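Two complexes follow with subunit A in common, the first pairing it with subunit B and the second with subunit C.
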Partner chain A sequence: MAVDIPHRRRTRWHIAVFLAPAVLVYTAVMILPLFGTLQLSLFTADDQSRVFAGLDNFRRLFFDPRWSATFWNALWNNTWFFIIHMLVQNPIGIALAAILSSPRLRFSAAYRTVIFVPTILSFVIVGFAFKLILSPLWGVAPNLLDLVGLKSLFTPWLGKEEYALTTLGLISVWQFVGIPMMLIYAALLSIPDEVVEAAECDGITGMAQFWKIKLPLILPSIGIISILTFVGNFNAFDLIYAAQGALAGPNYSTDILGTFLYRTFFGFQLQTGDPYMGSTIASMMFFIILAGVCVYLFVVQTRLRRYQF
Partner chain B sequence: MKRTTLTALLMASSILGTAGIAIAQGKTLTIESWRNDDLAIWQEKLIPAFEAKNPGIKVTFAPSAPTEYNAALNAKLDAGSAGDLITCRPFDASLELFNKGQLADLTDLPGMENFSDVAKSAWTTDDGKATFCVPMASVIHGFIYNQDAFDQLGIKPPATEAEFFEMLEKIKADGNYIPMAMGTKDLWEAATMGYQNIGPNYWHGEEGRLALIKGEQKLTDPQWVEPFATLAKWKPYLGDGFEAQSYPDSQNLFTLGRAAIYPAGSWEISVFNTQADFKMGAFPPPVKQAGDTCYISDHNDIGIGLNAKSANADAAKTFLSWAASPEFATIYANALPGFFSLSSAPVKMEDPLAQEFVSWRETCKPTIRSTYQILSRGTPNLENETWVASANVINGTETPEAAAKKLQEGLDSWYKPAK
Partner chain C sequence: MSRATISLPRTVAAHAVLLTYTVIALFPVVVIIINSFKSRNAIFRTPLTPPTAETFDLIGYATVLNQGDFLLYFQNSFIVTVASLFFVLLFGAMAAFALAEYRFRGNTLMGLYLALGIMIPIRLGTVAILQLMVASGLVNTLTALILVYTAQGLPLAIFILSEFMKQVSDDLKNAGRIDGFSEYRIFFRLVLPLVRPAMATVAVFTMIPIWNDLWFPLILAPSEATKTITLGAQLFIGQYVTNWNAVLAALSLAILPVLVLYLIFSRQLIRGITSGAVK
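Presenting the complex of A and B:
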């Protein structure tokens, strides 16, 4: 075909054709609803009909003392949820990956599988299982602590305002630690042997080798994991809902943006749903995630040094 | 090919089949409901009893899943394909249907005189002028206790609050039983089995509830704060780790015989009857001083109304009048112990525990849950806030006064009582 018209630059239709299915599907299921939500947040209900309200909903969310208190509480809880993941999940994931990639470790494939399996479990199962494990009545947690003489340390964690969110954060870490582990593990495997051997020739081995050679090489992967964790945590909802219900008790101490959105949008018990305020919260979640991702893309990622081999 | 034929055949038979019934019998009534648990009771007991008395009218009970009911019903009513008889949710959900003209006015229905104003309150307009559903059943709050445990410890059901706490202290000192099975994890237990259970004695039932709606009383008044103060005193008598104890945990603690008392709603009766292998008794929420009038929460839960667009309105009204009769009440209440007829006529029930619950209607004044009518229309929602506040008060993380103040502020932020 190209032989027929050798000099004119042809319109390359095949690019559009091949992109079309993905673009269409993505537009239909992601982009349109997103803009629909953003649009809905500018409206409000007046008796039965929908009227344009401008930024009133946002004003209400930020300046009405009740709405803003709930919003900031949810945002702070969400931030704490994220901090737990960054401080616990990702370092443990990296450490596990480093240990797994050690050539002297036996059964590494078995460990890898075992640690990754919880990731594929449903939130509902995880939430329910941990509710049972930590139950003060029938749970194994109090008995296990009793066996080692630490029964006094047991409290009904999920029922205490000061512990509930941290407990749920750690449950989520347990479930998802496999993901950073897998990504880092893959990054570690992709480090060429020559680099490692050169380091060994220079006398850099063991821990020093990890800190000085491998860690700088996997930094881009760590960046990706951080941003995935950020997006995942600020969209989180399922685990809290499964373990604590839509009111995110006790006293809203486990309320994150996702549960706040759910309660507002769909309503709960006698509370009827308010799609307009719900969309406002959803829009805020979108903006927060967008801001976080932008910071990462324009500030962090451009400064990460990449090494080509 | 084969499948298409089959489908066509099935469709034809279903259309022709229903048409055939309609022609042959004259009138077929369809009941929309969310109580799919009750399908057998309707088909085996209620409908045959009605059809025997009213030849020529056939009734079909067509329930859908509870969580889908409201949405499905709204869609069907808008499309004009809903059944003739509509099972009514209490308060605002049904009121909205009536205001939209989808439920007919039943104020003058023969049989309505069998119900008190409180019984009709869940399906009456705010001004009290029109009633649009026949009240079917209510649930009553109280305390269910383990009779064996009480006999063993030599205690009797308390009449006053002082006796109640004395008794809890005694059970706790003995150490064999957890005095009370209730948790705060699911929040609603604390509000429904706690606050709404004991509260009516303090705010004097309807008197306080209506005054609150009129704006004459505030949630910060002593009669609304005191139930919280009493709830706070329950804390030492709940099981270890009650903060993380969920509703099924509480049920199991009681039915396994590990707890002596269960702050209950009467809907537990049929569950407990099948699960507990000890004798059970019940007592109403204790009053403050011996001799005080007692008040109970007798909360309307289910009603039945008429689709305004029904083609068989006359037949449907015949059914509704029957649903308002003592005969219906007797069959229904016995088939579902714990769901009590709202009829003023006395209903004879076989289940001793259900009998005990319903006997309080004679000595105590009934009321409904204070947060359900009108006061939960806005945001923040008073009912949902009460869940959180009650749990906080029992957990000891908020004082009764602070909890009440927060509730009143939330209510003030959107509710302006009519003058």
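Presenting the complex of A and C:
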């Protein structure tokens, strides 16, 4: 990073030139609209003109029965969606990574490549593919259950209020398990051989080695995948929209903040779009994600010990 | 590298678990693709068997190619993805170079400012982005999508690229300066070629979410002329929901290009992830 001294005296225009395009586009299309949205949430429409409303929109969202029921429902569904990912996706990802990283495993590159395939597919494809596969009209899911003698368990999971959200959560897990797998795999590979060999000298092998030696060393990566999962889930929209439509049926049982924002902001069927309430919901999503990121940065990351090899 | 011996049962168990998961990961994709080549009756009677000579039928593909403007949608997606990718890589590399190479007042602050977008999704600004695009007359243009995706891709690109740019040898750059190269020439001639592998990683990371995005095409560019393939497939499938041949063919057409590209670039992508570019 050496900077030659004579240049110091003059204004170094090239720095500005290098930074300008990125900073301009990023500020104009991302940062300003983000703050614009936060600002819009404080206004409301009154006879076509914009009126300052303070925190009224938030009050409506939390307490007005027309809004609050939908909002709390979406927030709870979103939380459940996140819990499913944390309980299913990340442990499976870690387990797969642990197996993949075992030494002298043959075909590990092929397994890695294939297990990552669902992650690159678009939500539209995944949503419809599972909608067809789980459809009672098409016999794929019942046929499969029949093979293992469990046909009686089949119900149209996506069509039942009590199962639909969990089913969609599991579909999303199926799609994204590749990401924790890859990040943990990378972390496991970076553990130096000496550490593992020292453990083996002390007679710690197999499962015990994973729990006692490797897991503590990959905790920072587990922290990263948790926050990535959190941000991704509280910002999710596409899968639910592709599989269940904007009404997030049946009977709003799969409604999450993303679909609620879309319906509110853009309008759907008889309901007209409301940019102000839309901004309010987007602002709530912003605060939730910001809170999650802050918890991660200031609580989780500072407590985790990082080992420098 | 000496290791404790690995027992045979353990190896078998490892392969059993991985194979099971491989089947789970591939099964839905395979079912969709094999059934897209079958006649309507065979789709329902024997959904789990590959097409045979009797059940082979391309009626679904014929419907899709006749009805939808898939070629146009494909072209739109292609233009948007390539253009956004170009700007993300060019602007991102320039900014990353400035942050990694020069010490100036506000360097750290600028780095943090640009990294903000890694964690906060651009989608939350949608309401104001739509207003901005309406005000500037960019609604229903591909330009709107390209601008949004460029802004979306920049933070991660700058973050990853500046890590790599810090590793480029100072001696090389100083040798260039002694030879009278301008800073621009040092960047384009000396540094850019050296970080090409990192650029490829960033390109893959940037490309996948852009190609697959449904939200912004739906809101900013839903007109017939500007639909992307993801939005086009979504609407097409919605309309033909009872025509199973057509739906399965449309899904397969949407899967195959991405799958082929992935298999070509998978080595690059996986190397990028495991080399610690995103730690």
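Here are a few things to note about the model shown:
By definition in this document, the second predicted complex is superposed on the first by the 285 of 309 C-alpha atoms of A that agree within 3 Å, B and C clash if a C-alpha of one lies under 4 Å from a C-alpha of the other, contacts with A are read in each partner's own complex, and residues count from 1 in each chain.
As a working rule, a residue touches a chain if its C-beta (ideal position, glycine included) is under 8 Å from a C-beta of that chain, and two chains touch if they have at least 3 such contacts.
Worth saying up front: this structure is predicted, and the values here are computed from it rather than measured.
Shared-chain residue A:133: touches subunit C; no touch with subunit B. When the two structures are aligned on the shared chain, A:58 is found in touch with neither subunit B nor subunit C. Ranking subunit B and subunit C by residues of subunit A touched puts C first.
By the document's definition of touching, of the two partners only subunit C reaches A:14; subunit B does not.
In the superposition on chain A, A:80 contacts neither subunit B nor subunit C. In the superposition on chain A, A:116 makes contact with subunit C only, not with subunit B.
Look at A:252: by the touch rule set out above, it reaches subunit B but stays clear of subunit C. Once the two complexes are laid over each other on the shared chain, residue contacts for A:157 go to subunit B alone; subunit C is not touched.
Common to the subunit B and subunit C interfaces on subunit A are residues 137-138. Residues 66, 131, 134-138, 142, 154-161, 245, 247, 249-252, 268-272, 274, 277 of subunit A touch subunit B in their complex.
The residues of subunit B lying in touch with subunit A in their complex are 92, 183-188, 239-246, 249, 252-253, 371-372, 376-377, 379-381, 383-384, 387-388, 391-392, 395, 397-398, 410, 413. Of all residues in subunit A, only 1-4, 12, 14-15, 17-19, 21-23, 25-26, 28-37, 40, 92, 95-96, 99-100, 102-105, 107, 109, 111-126, 128-130, 132-133, 137-140, 143-144, 174, 177, 182-183, 185-187, 189-190, 193, 197, 200, 205-206, 221, 224, 227, 231, 235, 237-238, 241-242, 258, 261-262, 265-266, 275, 278-279, 282-283, 285-286, 289-290, 293 touch subunit C in the complex they form. Interface of subunit C with subunit A (complex): residues 1-4, 6, 10-11, 14-15, 17-18, 21-22, 24-26, 28-29, 31-32, 43-44, 47-48, 87, 90-92, 94-95, 97-104, 110, 114, 116-117, 119-132, 147-148, 150-152, 154-155, 158, 166, 170, 173-174, 177, 182-184, 187, 208, 211-215, 219, 230, 233-234, 237, 244, 247-248, 251, 254-255, 258-259, 262-263, 266, 269-270, 273-276, 278-279.
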